[in-house]
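Here come two complexes built around subunit A, the first alongside subunit B, the second alongside subunit C.
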Partner chain A sequence: MTTSQASPAPPAQAAPGAPPGSAGSAGSAGSASSAGLPRWALPLAGAAVAVAAYVAFRGTATLPHDDDAAPFQLVNDLRAWVDANRNRSPLFLFFVNYVRLFVGGLYDVFHLVLSLPGWAGLTGVAAGLGWLTGGRRIGLTAALGFGSFGVLGLWEASVATLALVLTAVLLSLLIGLPLGVWAGRSPRLRRLLAPVLDVMQIMPTFAYLAPMVLFFQIGPASAAVATMIYSIPPAIRITALAIEQVSASAVEASTSLGATRWQTLRKVQLPMARATIGLAVNQTIMMALSMVVIAALIAAPGLGSDIIRGLTRANVGLMLPAGVAIVVMAVVLDRITMSAATRAPYETAGRTRWIVAGALAVGGVALGRALPAEFPQEWVLRFAGPVNEAVAWAKFSWYGFTDAVRNLTTEALLNPLQSVLTGSPWWLVSAVVLAVAWRTGGPRPAAVAVGCLLATAPLGLWQHTMETLTTVLVAVALTLIAGLLLGIAAARSPRFAAVQRPLLDAAQTMPAFVYLLPALALFGATRFTAIFASVIYAIPPVVRLVEDGIRNVSPAAVEAALSCGSTDRQLLWKVRLPLARRAILLAANQGIVMTLAMVVVGGLVGAGGLGYDVVSGFSQRSDFGMGFAAGVATVLLGIMLDRITQGADERNSTPGSNRMTTRKKRIA
Partner chain B sequence: MASSDGVAIEVRGLWKIFGHRADRVLGSPDAALDPAALRARTGCVAAVRDVSFSVRPGEVFVVMGLSGSGKSTLVRCLTRLIEPTAGEISIAGEDVCAASPARLRDLRRHRVSMVFQHFGLLPHRKVVDNVAYGLEVQGVPRARRHERAREILTLVGLDGHAEARPDQLSGGMRQRVGLARALAADPDVLLLDEPFSALDPLIRRDMQAEVVRLHREVGKTMLFITHDLAEALKLGERIAIMRAGAIVQLGTAEELVGAPADEYVADFVRDVPRSEVLSLRWICRSPGGDERLDGPALPARTIIRDAVPAALESDAPIRVVEDDELLGVVDRRDILASLAGAGS
Partner chain C sequence: MRIAHRIRLLAGVLTLGLAAGCGGATVDTGTGTGTASAAPSAGGTQASAGGTVKIAVNPWAGYEASAAVIAHLLEEKLGYTVEKKELAEQVSWEGFENGDVDVIVENWGHEDLKKTFIEDKKVAVEAGSTGNKGVIGWYIPKWMADEYPGITDYKNLNKYAHLFKTSESGDKGQLLFGDPSYVSHEKALIKNLKLDYKVVVGGSEAALIESATQAQQQKKPLLFYFWDPHWLFSKVELARVSLPPYTEGCDADAEKIACDYAELDLDKIVSKKFADTGGKAYELVKNFSWTNEHQNSVANDITNNGMSAEDAAKKWIDANPDVWAAWVPK
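Let's look at the complex of A and B:
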């Protein structure tokens, strides 16, 4: 696609006698145009063939769902075996059980340490930490944030969540930072890790859970391990990038002065990479925070259980306080780590800061000793009742509007698309995927995409995969339309951008499932709820990538176009958008991966498909096999969608760096 | 400082070939191919091709070439910042290629220091800690290395900037820090890799003067890399011109300008004002039968331009002498012709 757009060889100029395919690297589209056909002829013909095949073979070779498919039974048997041999097999006796004990013990230690100073003490310590890293403003934010946990009536749960996050983050950093440093210095390790991290980052959160249960049973230990696995990629990736980015001439200078590798690492690379490594820590914490909530499905203690219960019962009042507490915790931890990371390289906290911070911490602990450990009940705000009333009122009074939106999307988009996808023969869907992926990414991504898609069939989940794919496609279409419009608007109007940016910043600090809350309040438990939530979830990075892409178009090109007398519209369509093409494709890729993650979580609130299978796998033992398989299927679906849209990501740059950059941009 | 045989740096048959099968290229007929053909045939890039030279103790030796000529690779091979593919290097009698990692570190710490085009300063350290970095990795105690760093800062004219951060300094001052860092360990040899290319022309001139002054004061052996011919002629006692990885000519400024080895060098030195580089030796001729031989005598190594006052004062041609022997004569017409840039 790149070449065909960059050099659209006008048919008139192609020599009539030129042999077909002489366009060489221009690929299929290029050879079509050199044969005198317009560029859109081939895709159109392909689409026509697909439609004809659909009409002719509709209803044949479909793979309907069966709750008792053989693979599910296989996994159930596996679990039964594991349960029976947990205390006999050497793998469990000498490895898995020790990991479980160690991680569980670590969690208990954190929980104990955080509980000891009482609510006043912990709030004081947090305020002190905030003051130390970021001065008065961050200190106050931390104090208010931790205080709010008590006011929301969730002190105990918040402490448990915090302990779980700290456990997972500590483990992630212990493994991730050294590995990242190593990868930063060794291109070979970097090449080895890149595909693994790629897959880890497109894996929807749900997919991590079932294997954890198999090995570590349910509880804090397996929740911490799942969270750790989820949050480790940014720790490795950003650290590696940080080390890699250290000025090569500084490293060379150090070597030329006779420094050993270790001296260069300690005195040059680590100090110069400090700010970016701080970013890695920040991202790890943010990822962990969004995962610990989902880990409540495997009995993680803390705020997550309220949220999951609220989601499954469509009870907004129940989950709202927990949702607010998680967001507050995310904001506080984000501010503290960011201000620690972005401090000027050689600035150290002044003496007064240390004194104030120490005084806050000591004062808080002393106060905690004096006060009862329990947060005073009379200070707790209880608003589950009023919230539920308000939700009921909103549902009732906006019913006309929300119902219309929901029905329109469901009837006009979801249902027809779903009946097409589930009604098509499996080979037709695969052929279409192959064709699309080939065109956007080339033969290798196409092969991987089709392989992943086909693998869902033997898992016994073809039909549910198609259902999830339907939801994802609709959500992605809406996300991209809205994201493009907002991104273009922001790129064109600085004022609009100035209003939008803080909103996007805030949106990106929030853990994923928070977006289910308003969606659930407005639309109840339906497929559309998941779509609505995933659109809100995926829009911020899309908008940002589009805006940055358009804004970063070379000023020289814009100036040249202006000096030729282009109008604003011409400038946008003929210069800015084509030049920002790569950023826009990357935005599509990000949007799709994020949407899939959210649609799967939407299984909790009636989105059906694979997400629902995963959830029911945890709630009913007999469905464990299906849930496990569904987790695998979501991964396959994720890889497939990623490969299809990866054309922009890999072909024009160093592999894997882009996804990193976007993540980094989040906070930059 | 000088080794027993009176050579500071000795390089013999040095090769650096980048690519997967670099060692197989060497010794095969492919090695003789020109760079483009070699790349097409083997995928390898020969950055340094069979380079040999030796530098005397205390000499300023300049390697000049355009970008991509392999000069930066060459200088990095000398301390094995880039591992050479083949060849022998000895610095002050030490066989660099055979050195163990520990010996190599020792060499880099005490004998050879390097100054970089982009300075390579550490932004998170104060100037004084940047300068003391080399001593720090040697394990010199803090007080002593700071004392030494301050001495060196005075030497390079950065008094009073010890506590500043590199990003608070101008480009020229930053490179002074780079120079100071290289000098701090009191090495025998300084390698300067295009140290002034990133600087403004005026600052560059100051810094060149600075190098001349430092060379006079501390007398280090210097190997200076540059792409700027004027800089090479100004600083270099001897100059090696590199092209496509090989040295095409090695000699004094006079030799390069007076007798270019090939078209390439001739093209390079075409715009050099000959009267400012060449000495009388290059334009003197045997006296004609009727010429007076009682004019002033000047040594043969006198630069043409410097002979102008003598020529103005005397009607008789100048006698060019070397070791009391008459090489020939030069009259006003000869001098004017070379001042006007007329070729020989």
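Let's look at the complex of A and C:
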């Protein structure tokens, strides 16, 4: 996971670029913390200095946006070269083009195999697989799930999506599992991979769609490769963690009995890590599914295309069935892989189970032979009409309220903050980031954070970075407020938690695009729409972390407070929340990373800033360079925010494992 | 039958891949997966003719209407299978190169892309006009034109900029734009005409339509990017803002554009491969040509009358046999 020593190279060099005066003052702020002043004095003084500097230097040393910045042109030139040499350069003739052919062929094979048994056949096979891994319940889930694709009227699209996901997952696992095993045994490789994987996960998916098109053209092949980039990190990370966590004494025992490294790996480490590796497979599938929609922008076949269509026509009824189908597919694949992974290591499925599973599969296929290949039209449930009516009604009757909420947030929060951030001199913003990161995490994260921030300036994207930072800050603030409230409520009332959980699950699995549209309908094409959508997107993990954090406060502490006569309110504010501080900071960290991902998608609906640059770079050839640079700037911004919050988290804990477990739970 | 077809395709891909072995693989190696639009098999009746035509569907209703009508005729009258792909304009062109796109049914100018893909790379060819005249422009609701004298002249826009202020445009006037992938001179125009406006991106055609409808119903000021042909003109009264008139070549340098959009003869672009081997499907695409009214009626059915693109196309085809009969090759 992202540990602080894994600092990317460029920021470290860029850091000295900050003017000596500001760096010095922040430095003294850090070292003076041991003096006998009250705890709040220093931050307050720091804030006062920053405000004074802002008032004095406002409007100077800003870095306004320029559409023709040199880095953009450089990338554009590179693009022109690739375009011209695609059929000439050996790199393409003997490598890139073969990769495309191979991946595309693999997709065709999967698609063919999945289409052969017909809808009844595939449903039967899925049910059999479910029964085999998890018994009756999972078998039934799988059957109902696959059946629902047909009922939603999306059978063929679902099969295409499934084929694409399986292609990407298979390739991801082929590369990711061995790398993960290797990384689990070699700390050096792990350190080397960590920043690369970080970039792969924070990089907005839009940003690598354009390069994908450049190298692999459009179609299933490049969609599968783009999906792989997104789904490999959990495969590597969780596998590495699994191998690493195998008890050292077991490995010790095995080597002392004379086993070779290979034998130890095969007979001890892999079997003992099996359940966690299962989780790696599971997460890889979930990540791949979440890319399905975005990949549709480069002609990936399947469900994503319906969602894109709904988005461009502002038709919620068109995209909702596809969104539901993606959620259902995620649930079915999740249940099957999880039950396969969590079975006791040496338990084999009983004979009856095999028989039932086999019967289901064979029966399904036989039925598929007998029935027509097309899913019967009369079984299809169509609800586009009612859904659209409901949306129109909500839009009409809530107009006054939504309008007020949007305008209030925009005028009171967004616009002032944005004008402060874009109007401040660059050195002042950097100094503040340095001071905050230093205070939360210490010198090292501070240097990385400020280095990342400064690197956006030579990219030519300072102003847009500030605009995006504004949106992210507001979205994170709203997410945290809402997340804290819901999390506290859930921790206090199990019934509320039980009602809330399935909603959170759905919010997390639903492709982000699906709620971009209702947000668009309610709030129009504004930054607030993007903020609203990212709040929904980021709330689930925040609520979960807060709930867990408060629940896990040691009962002894609660008992002690109660016996001292503290009220419910005091218990919450003085005991539970402070003791859950670490979980809450972690929630902030998670919230930031997810919000950032969503704000870029928000570029599609008027979020502006880096998000729009990335989107525009994908759809307009002349903006290719800017789009790519904006993708890089988003990563830099993500690392900066991560370092600031991560430091706060790690100062109070043992670094490592906890962050890992939470992030791997995230179904982006 | 479809499955057997797929197996054949797959075999084709594999052999092509192997055959290309020694010389490396070029981009169009393996287009077997893509353009299967080979001529309908000899001797078969029309209905059993094989082949898949891949039509790019760009994100606006008029385009979807044209695509739906062509797709319906290809499927029902000539027995082809049609794959529609939701793609942005410029991305669609990339698909010509490796065979993922056969047809773009409504192209708006794009001289730069024509140069790259038709002249330089020779992977695409023009397939004639759609019969639609297209023009992009800046529009305001008609009530504004009545209420504020001279507002339709760009020279007076600065005077009225305060009317168009929104929470997104700050202290400037807002110029609402559509999908990020649309043809756009807005930034250059604002800069070169020294207008006190900011482009705010709505993200889609739907956002433009909705804002325009609201602007009429609730008498809200709005300045927005729009285009003709469009059914909206029959629902909402709009007035066009006149920019400095278009002259030949005034839009040659994207940075220096200070003139209105040209009126375009919208045309169809197909991949070279489709033109060579597309047979009757290519003939039909080439022959396709209709009026703005035709397109608007289909687009209107799709957007406002709750019809799917397929149903709207079918309705138009049933009502206008004399128009499309000339397109279908004998």
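Please note the rule applied: the second predicted complex is superposed on the first by the 527 of 668 C-alpha atoms of A that agree within 3 Å, B and C clash if a C-alpha of one lies under 4 Å from a C-alpha of the other, contacts with A are read in each partner's own complex, and residues count from 1 in each chain.
The criterion applied here is as follows: a residue touches a chain if its C-beta (ideal position, glycine included) is under 8 Å from a C-beta of that chain, and two chains touch if they have at least 3 such contacts.
This structure is a prediction, so every number in the text was calculated from the model and none was measured.
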| item | value |
| --- | --- |
| Subunit A as common anchor, with subunit B and subunit C clashing or fitting | fit |
| Contacts of A:V605 with subunit B and subunit C, given as first, second, both or neither | second |
| First (subunit B), second (subunit C), both or neither touched by A:Q263 | first |
| First, second, both or neither for A:T567, with subunit B first and subunit C second | neither |
| Subunit B versus subunit C as contact partner of A:P271, first or second or both or neither | first |
| Per-residue touch tally on subunit A - higher for subunit B or for subunit C | C |
| Contacts of A:S493 with subunit B and subunit C, given as first, second, both or neither | neither |
| After superposition on chain A, the shortest CA separation from subunit B to subunit C (Å) | 43 |
| Touching residues on subunit C, where the partner in the complex is subunit A | 2-3, 6-7, 9-10, 13-14, 17, 23-27, 29-30, 33-34, 57, 59-61, 85-91, 94-95, 97-98, 100-101, 112-113, 116, 167-168, 170, 176, 179-181, 184, 187, 200-207, 209-211, 254-255, 303, 306 |
| For the subunit B and subunit A complex, residues of the former touching the latter | 79, 81, 105-110, 113-114, 116-126, 133-134, 136-138, 165, 178, 181, 185, 191 |
| Contacting residues of subunit A [partner subunit C, same complex] | 67-68, 83, 86-87, 90, 92-94, 97-98, 100-101, 104-105, 108-109, 111-112, 115-116, 213, 217-219, 296-299, 305, 308-309, 311-315, 373, 385, 388, 406-407, 410-411, 414-415, 520, 524-527, 603-606, 608, 612, 615-616, 618-622 |
| Complex interface listing, subunit A residues touching subunit B | 247, 249-250, 252-260, 263, 267-268, 271-272, 274, 345-346 |
